[in-house]
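First the structure, which I've put down as structure tokens, then a few questions once you've had a look.
As written, the chain order gives the labels A, B, C and D, with residue 1 at the start of each chain.
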Amino acid sequence: MTTKLSNAQIAWRAAQDIADGTYVNLGIGFPEMVAQYQPPGRQAVFHTENGILNFGESPAEGHEDWDLINAGKKAVTLNAGAAFFHHADSFAMVRGGHLDVAILGAYQVAENGDLANWSTGPKGVPAVGGAMDLVHGAKRVAVITDHVTKDGKPKLVKCCTLPLTGVGCVTRVYTSLAVVDIKGRRFVLREKLPTLSLEALQAQTGAELLIDGPVADLIVPEL
Amino acid sequence: MDKTIGHLAEAVAKIGDSATVMIGGFGGAGSPIELIHALIDRFHATGSPKNLTVVNNNAGNGHVGLAALIEHGMVRKLICSFPRSSDPRVFTEKYLAGEIELELVPQGTLAERIRAGGAGIPAFYTPTAYGTHLADGKVIAEFDGQPYVRERWLKADFALIKAHAGDRHGNLTYSKAARNFNPLMCMAAATTIVQVSRIVEPGEIDPEHVVTPGIFVQGVVEVPDPQQEEVLNRAGAHYP
Amino acid sequence: MTTKLSNAQIAWRAAQDIADGTYVNLGIGFPEMVAQYQPPGRQAVFHTENGILNFGESPAEGHEDWDLINAGKKAVTLNAGAAFFHHADSFAMVRGGHLDVAILGAYQVAENGDLANWSTGPKGVPAVGGAMDLVHGAKRVAVITDHVTKDGKPKLVKCCTLPLTGVGCVTRVYTSLAVVDIKGRRFVLREKLPTLSLEALQAQTGAELLIDGPVADLIVPEL
Amino acid sequence: MDKTIGHLAEAVAKIGDSATVMIGGFGGAGSPIELIHALIDRFHATGSPKNLTVVNNNAGNGHVGLAALIEHGMVRKLICSFPRSSDPRVFTEKYLAGEIELELVPQGTLAERIRAGGAGIPAFYTPTAYGTHLADGKVIAEFDGQPYVRERWLKADFALIKAHAGDRHGNLTYSKAARNFNPLMCMAAATTIVQVSRIVEPGEIDPEHVVTPGIFVQGVVEVPDPQQEEVLNRAGAHYP
């Protein structure tokens, strides 16, 4: 019996909401997995902010071209119809509202849509990359994340306590337990694991989960 | 993904009354004459679209293309840098009669405002027009001891663009100096419709040579032997 | 005996100050003539703001390509090493300080460097084009012009009375009678026609001509 | 016109102490490793240049290229968006020891600030970083009811760039995603020095395919088989 989704399963669930022909940016790391789970017959166009549209899978080891990398600096390949462009054009795509969806990781998401995903505080070397740009402009900014931190604290919170990446930018959160929309500065529950009670879910969530319409079962295949 | 459109009429079918429409080209080079004429045909048939705000470097020449659009009374306001041409009668008469509004913008500022619209930059500062009538009423600020004028982005509901080759993803190349405003306008419109001389398969345009990536394009229609404004005007053409 | 230079001769004189390899923008109309008079062994690179660098001569009649035009919408050709670019990049070259010199026509130039060359007043249809952009950014903004208007009024003036194109932007003026620099908000005479007295020149000039160093004879071949 | 330079040493000879230097590349792609190493060689021989301000997306990786430049103590300040890598030890240690200053800029804002520097735009507004620490102390303004952060242009004394083909006029093409910041940095530096894999005759690069027109380039030096940072780091290389 599933008690929580794996990262692959969260990525799979997020991938189901990506229509054919959608322009998508996947954040570095965990969000990159979403590309693997596109439903048959759908083909999104993936954007990487370092300057490629319509890149494809990773090349076989030993066949990397180090001029052909994604924002995570991993080697990629190209699909037919790809294009290269410089960073200013690339972030024009991001900031100018041309991407349909950006899917990002998170340390915390607040019920007003605030996102914290770039810094865990003043210690160490700060690094932001394209995170603060990606939360602006995409028509839809979704987050994929475990529902709670490694030590069991809620990641869906009333107010972010970590340094913000963007203000009021997140519209949907896919977690290991649920799918939650952000609407009118509130969390609205859309789907939850069928084995999980609403009370148990609420107990692991840092702000109230509103019910506004049906709550579907979150059913994801074994992967 | 297939952004190709079969007919010119279909390509311009959604442009409504009072829309803001960027029209590509610098003079005749890069001007989407066939798309403009399809829009005029629709106006003849249905009375729409009218009261358009048009963004173009110029105000048309002779009695074809943009000049014909203005001549048919479809344009309420023009945002442009140089409303003169070898035969500017159509615009001049309407302007002097008070039948069309003109927002005059320096050419480089016009280009940058359109780029800003496409790039999500709501405003920027430029030295251009400081101390001139064209900066009247605008915010002025000093940076490093120099004065600059604040300019706003320019966006549109639609862009009508002429390109050379295009694939069904919307990737485009242009022909020589017909590039001009066209890649910028593709970025700045909610819906960008492009006439291309040749539709090619995705991948036929080398990814290094794509000038406008498909993300900026919503529709592509093939017009194999596009007319040139200059040639039409030398022949004294009127549209329709 | 030369009493004033022809337009071709003014253009010739301006061309002598253009070094090999200089990036030059020539205004529409009269300034375009400057390109014809480059001294042997020098090759400037001409920029046209509609999006070509390193264009060449006009094609033979009947051989025009109407996708290959200059800012005056006249057909041109290309030199080896030419490049096409869009308007935002083109005006980045202009505004960003990348051009070495812009040579423009004028209705009036004031001793403080103000230029009026786009509008003769509120009548008719106003049209500005790239004039206001070209006066900013080029390392040197030169004007070529008749010394006086058709009805004999000075074009080099104390203050422009016509609508301004740019403020304090002009650094040198080549006229039908003289070469004048603008330095410290004053006209400084550099060259004059040898047959013309300083008094006669001053009488046709709307602000004082300073002498600061030698005044050379303005000698131009018959063209 | 001939902008070619015979030797790497000559190409970097004029970069002085305390200069601001933009260094191309995103990670290893487009990073001008040979030019950087030539600069390190000069520092070894002469003690100069030092106290550099470097603009790059990253802070180097391993012990070659930008990381080696930092490791040799030549960099006083870094303006970048992501000073992490698979092996960021060099920067991390200097930063935590207070030996290097960091200006952290969101990646898109960094790109746009560099473009603005090249395009004569002293400041612009962006939604990026609004409401975050990275907007602290910056001017905020509202446009159409939305808040934006004002950002300043970024210029440099020198840019060190890696391109693919280049001619003696300075026209350039790039290799795939090695394009990244490089065309922007070419625009924003007073003196842009480019290492190219291949010098070609003017005209060999199709005017339609020129990515950086020569007007933005001051020097071109041929480095036929440029090293890749990723390959060097996998081999555990240290420079020198």
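Criterion: contacts are C-beta pairs under 8 Å (C-beta built on N, C-alpha and C of every residue); 3 or more make two chains touch, one makes a residue touch a chain.
The model shown is predicted, which means the values in this text are computed figures rather than measured ones.
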Interface with more contacting C-beta pairs, comparing B-C to A-B: B-C
Centre-of-Cα separation between chain C and chain B, whole angstrom: 30
Rounded Å distance, chain C centre to chain D centre (Cα mean): 36
Chain A-chain C separation of Cα centroids, rounded to whole Å: 56
Touching two or more other chains - residue numbers and ranges from chain D: 112, 115, 119-121, 126-127, 174, 176, 207-208
Contacts with 2+ other chains: residues of chain C: 52, 84-85, 88, 91, 94-95, 136-137
Every chain pair meeting the contact rule: A-B, A-D, B-C, B-D, C-D
Sites on chain B touched by chain A in the complex: 1, 115, 117-121, 167-169, 171, 187, 201-203, 207-208, 210, 213-216
In the complex, chain C residues that touch chain D: 20-21, 23, 43, 45, 47, 52-54, 78-85, 88-89, 91-99, 136-137
Chain A partner contacts - residues on chain D that touch it in the complex: 26-30, 59, 81-85, 88, 91-92, 95-96, 102, 104-112, 114-115, 126-134, 174-184, 211, 228-231
In the complex with chain B, residue positions of chain D that touch it: 112, 116, 119-127, 141, 143-144, 146, 148, 152, 173-174, 176, 207-209
Residues of chain C that touch chain B when the two form their complex: 48-52, 64-69, 73, 84-88, 90-91, 94-95, 114, 119, 124-133, 136-137, 163-167
